[in-house]
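Below are structures written as structure tokens.
Presented sequentially are two complexes of chain A, the first with chain B as partner and the second with chain C.
The block that comes next holds the complex of A and B.
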């Protein structure tokens, strides 16, 4: 963002043929950017145009010749579909729950690691590992080795507390998925907040201590305000990634029972690839995109506001 | 903040507390916190440790109550995973990961240059565009992607995944590489051009040494994402081009849920990325936060 700050200096009022600010200079600057930009536009933006187009059609892949233009019919169906509303609610719950709990856990871990002790690097490495495990493998691990009613570790660990052979995944499907996601994402939140903790200005901390502020007061008055933007960034980024959760649901619950643990990505997948209903699933896709744009415009502002000031 | 509890108990100092001076007490509290950190770290990691241990068990040892910590290790399960044909899937994953990562670097490095050292006019807009593509849910694009890929006969083709993985990682790479380009000292570049160095030469001799560790970190992040990707792989590939995560799904469908076998398969699937991630752990946040956190 420092870059943009320098830009006005290079813009000259008249546009000479050569030199800074000229048309040729502009294209020389643009040339290295264009391949990446064009590639990204083609691969990530064009499909959305098609999604809009398909969403206006009734089109089922298993019924050849069924394709026809139906206007906004698909959208009417989407909004009157009570399952869709249930699934949308699940998506919000799952995303918000996973993001918030992993942030709380991650922050606690970061606080534990923000001091020198024997084996600190090793413990940090252990703590980030869940984040690195292939999500499909992690979901499998939770579904079987951890959550299995008879042989699972969770029930074994809880058995002294009187837990029987609870079948966690079928009793609490959404919560089970959320637990697996929190286990995977708390490490990311930890890394982020740890970076925040370690970038605290030491002179301010020292000054506060010299002024006789207790550890807790320093934490509340200096550390928390400093950490705020790191926490905000973590919440936003966590939400970006977690709203797309698919692997965990696919592996652990298949969205069930019923649609109890399905989120929008999984539901749309079911409609498109198990129901072959292209028009309907495209319409849902458009609705999801619109919702995401609304939410993320706000979220993007937050990111830019939080971190654009840092470099200058 | 870590020593909050012990320090505050110092204040109402009384009786036998006198023997311990605050510093000694702080170190007692510190030791407790260190022990706590160890317990938390090992506890959080334990499922993975357990997965790896189970992978070396016979099935009979995997199904016991209480769970067995000691057993005679075997490689049978890994053998079974290879017999089930993980080989080609590993190769597909490797190929898709390596080629897409190279493509990402080839596209992202010049792009990052154009939004940092020699910036285009609308840097902010360009950066905004790249990050916004990551905000759009993949699921909304999968239908047309499937239809188009099907129409051009590219279903179950590894190059389809390569193109999609490149697009998926490109925005992150541009943001990350940009933050590395910004570390190039401007004075050095100016000095080089004053000395009459050509652009190619100053890129090679001034810029490249500064950004190459960053390129390595960016590559590792792309490797992690490409290797772990499942959504595109499961929807667009079948027998020929499927990757390791897809193998895992097929493996449990065909073999049933046998703990030891699936732990062996899961361990093999996760291992390459875990190692890459351990190497790149300092850069993980930079990649995931699109370079916002250094």
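The block that comes next holds the complex of A and C.
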């Protein structure tokens, strides 16, 4: 005789008034997290609210008694300020340039390191070192040791070819800062893509070779798709960090000449602590935060999607 | 389609150490299905990868269709390989995976589609062509890997344990499918497995390797009936053959406390070899079992430790009543009533017992 199991009736969960699962119980569970939440609000959200408040004031520290409520006046000034637009463009160029070039370099280094050779560990350590140097020290190194028109190594090396008279930092201020940042960030990109390369299953590469793919075809058809999410992660993390670059600019160019190499954080700093225009700089800060939230929402969605979706 | 020839082919990872594949000689006929089998570390996968161009050929030659493959890249060998973990391209759909070898050869798009569709029809993958591999079951992935090999229409198929990630039932059905497909396509196939059942059921011929060296290359029946040495005898057959190293007496050999009379023909073979000890191999089904009641007089006494009842027959795992308590496996009829602790008397039934030299392990 065959016995057929009866299908169990649908069970609908019911929220109890008391005990596990009730509303009170939920709060009891969450309570231990509250101090952390409150602390986070105090150190991040309160300053932001203050900033919004300041951004609605005309308030210059060198003119005592000038403080008054001006509504959105500061914001209108921000958007009509051509310097602000120039600096915003600088920020985009600097961030995108530094991130993209350091990714290209990092990927090249990773490809070179993704094989066994004598002294690999040593060379890998050497290649990572720039990332471990304090940003201020790195900027100083580039400014004085390498880019300096009189004592710099670059001009020294170029002088036999008759091209050693350039004052690199004042001639190409934004590019100089970008080069220093690329030098520091390429190792980070290298580490990420190297991790990606080494997590690549060998049999898939072998299958591609047996299937008739040459070295470049294997790279294009198999390696790059595999590395995609590692590259995306590197680009997003690098951008998040580099958009806030301050130390390199401060040390190398002071944002100059004029605002030629200033980015938004540096420009806001200048307006607040050199121009003492609290209202203006607060408004700029708010604009930057809003823009950052918009951009980072898309960027983070991108990495979360590629990391949850591609995992097999 | 081509003949494949291993000519003293060797793979030496560390100079001076024992080679992973040691002077392998195999001649595989056109259209033949050859299985390389052996325990872990026997060099069977290495041999296959040498043929695929994924490992160097350090000495000797491997020829496909008469052409020496030393120094020839994988892509130029006109082979297709199925990997143990399938090695599908995770970012490509099933259709793109199967079309990839064609794409790499610059085959026209329309022709690619046509061939992929034909292969998908054979393998029952038509509904899955737009899926990514991660959305497929293990069996389906295995089929995609097969499909990718088939669309190539290569000279040789190479398969590296393609069934080991499937469940038992799937493995049995896929086993027959692969064998049938190979017969239909008539493509020379080299198949690696550690499973002797796969080796015996699939191969036209089976090459058994151990420690990088070929032990025997023969049809499955010959491997079973005439194992070339002790290792082959112990490896092929499940449960394994009983192997005893025994002193030779006047009429037979001495097992434990009893003399085991051997059939005349066997005994004359022993005397002619002039050995005073001999390694005797008796398959589990080559025993007749007698009980305590005396119908096994003259047989070897043993005590049953475990009974494996399989329905159609039963395996008795017993030990002899000698000092070493030598284990012995016996196949008896199903439901024979034997139980743990029973005393049994065993008599060899067949004249085709296996004799090996105790020193060299070679068949006498």
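Keep this in mind: the second predicted complex is superposed on the first by the 270 of 312 C-alpha atoms of A that agree within 3 Å, B and C clash if a C-alpha of one lies under 4 Å from a C-alpha of the other, contacts with A are read in each partner's own complex, and residues count from 1 in each chain.
Criterion: a residue touches a chain if its C-beta (ideal position, glycine included) is under 8 Å from a C-beta of that chain, and two chains touch if they have at least 3 such contacts.
Quick caveat, the model's predicted, so the values are computed rather than measured.
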Chain B versus chain C on the shared chain A, clash or fit? fit
Kindly classify A:126 by the partners it touches after superposition: chain B alone (first), chain C alone (second), both, or neither? first
Determine, under the contact definition given at the top, whether A:134 touches first (chain B), second (chain C), both, or neither. first
Tell me which partner A:109 touches in the superposition: chain B (first), chain C (second), both or neither. first
Quick one: classify A:289 as touching chain B (first), chain C (second), both or neither. first
Should A:68 be classified as contacting the first partner (chain B), the second (chain C), both, or neither? neither
Does the superposition put A:50 against chain B (first), chain C (second), both, or neither? first
Greater residue coverage of chain A in the superposed arrangement, chain B or chain C: B
In the superposed arrangement, which partner chain does A:117 touch: chain B (first), chain C (second), both, or neither? first
Have a look at where A:214 lands relative to chain B and chain C in the superposition and call it first, second, both or neither. both
Looking at the overlay, what does A:206 touch: chain B (first), chain C (second), both, or neither? second
Chain C versus chain B - closest C-alpha approach in the superposed model, Å: 5
Overlap of the chain B and chain C interfaces on chain A comprises residues 214
Chain A residues touching chain C - in the complex, by the definition given at the top: 201, 203-204, 206-214, 217, 221-222, 225-226, 228, 310, 312
Within the complex, chain A is touched by chain B residues 1-4, 7-8, 30, 33-34, 36-38, 40-42, 44-48, 50-51, 54, 62-67, 107-108, 110-111, 113-116, 118-121, 123-124, 126, 128-148, 163-164, 166-167, 170-171, 174, 182, 224, 227-228, 230-231, 234-235, 244-245, 248-249, 252, 257, 259, 262-263, 265-267, 269-270, 273-274, 276-278, 281, 284-285, 288-290, 292-294
Which part of chain C faces chain A closely enough to touch in the complex? 52-54, 73-75, 79-81, 83-85, 87-92, 100-101, 104-105, 132-134, 148, 152, 158
How about chain A: which of its residues touch chain B in the complex? 1-4, 6-7, 11, 26, 29-33, 35-37, 39-40, 43-48, 50-51, 54, 109, 111-115, 117-120, 122-138, 140-142, 144-146, 148, 150-151, 153, 156, 183, 186, 188, 191-192, 195-196, 214-216, 218-219, 223, 230, 233, 237, 240-241, 243-244, 246-247, 250-251, 264-265, 268-269, 272-273, 278, 281-282, 285-286, 288-289, 292-293, 296, 299-300, 303-304, 306-307, 311
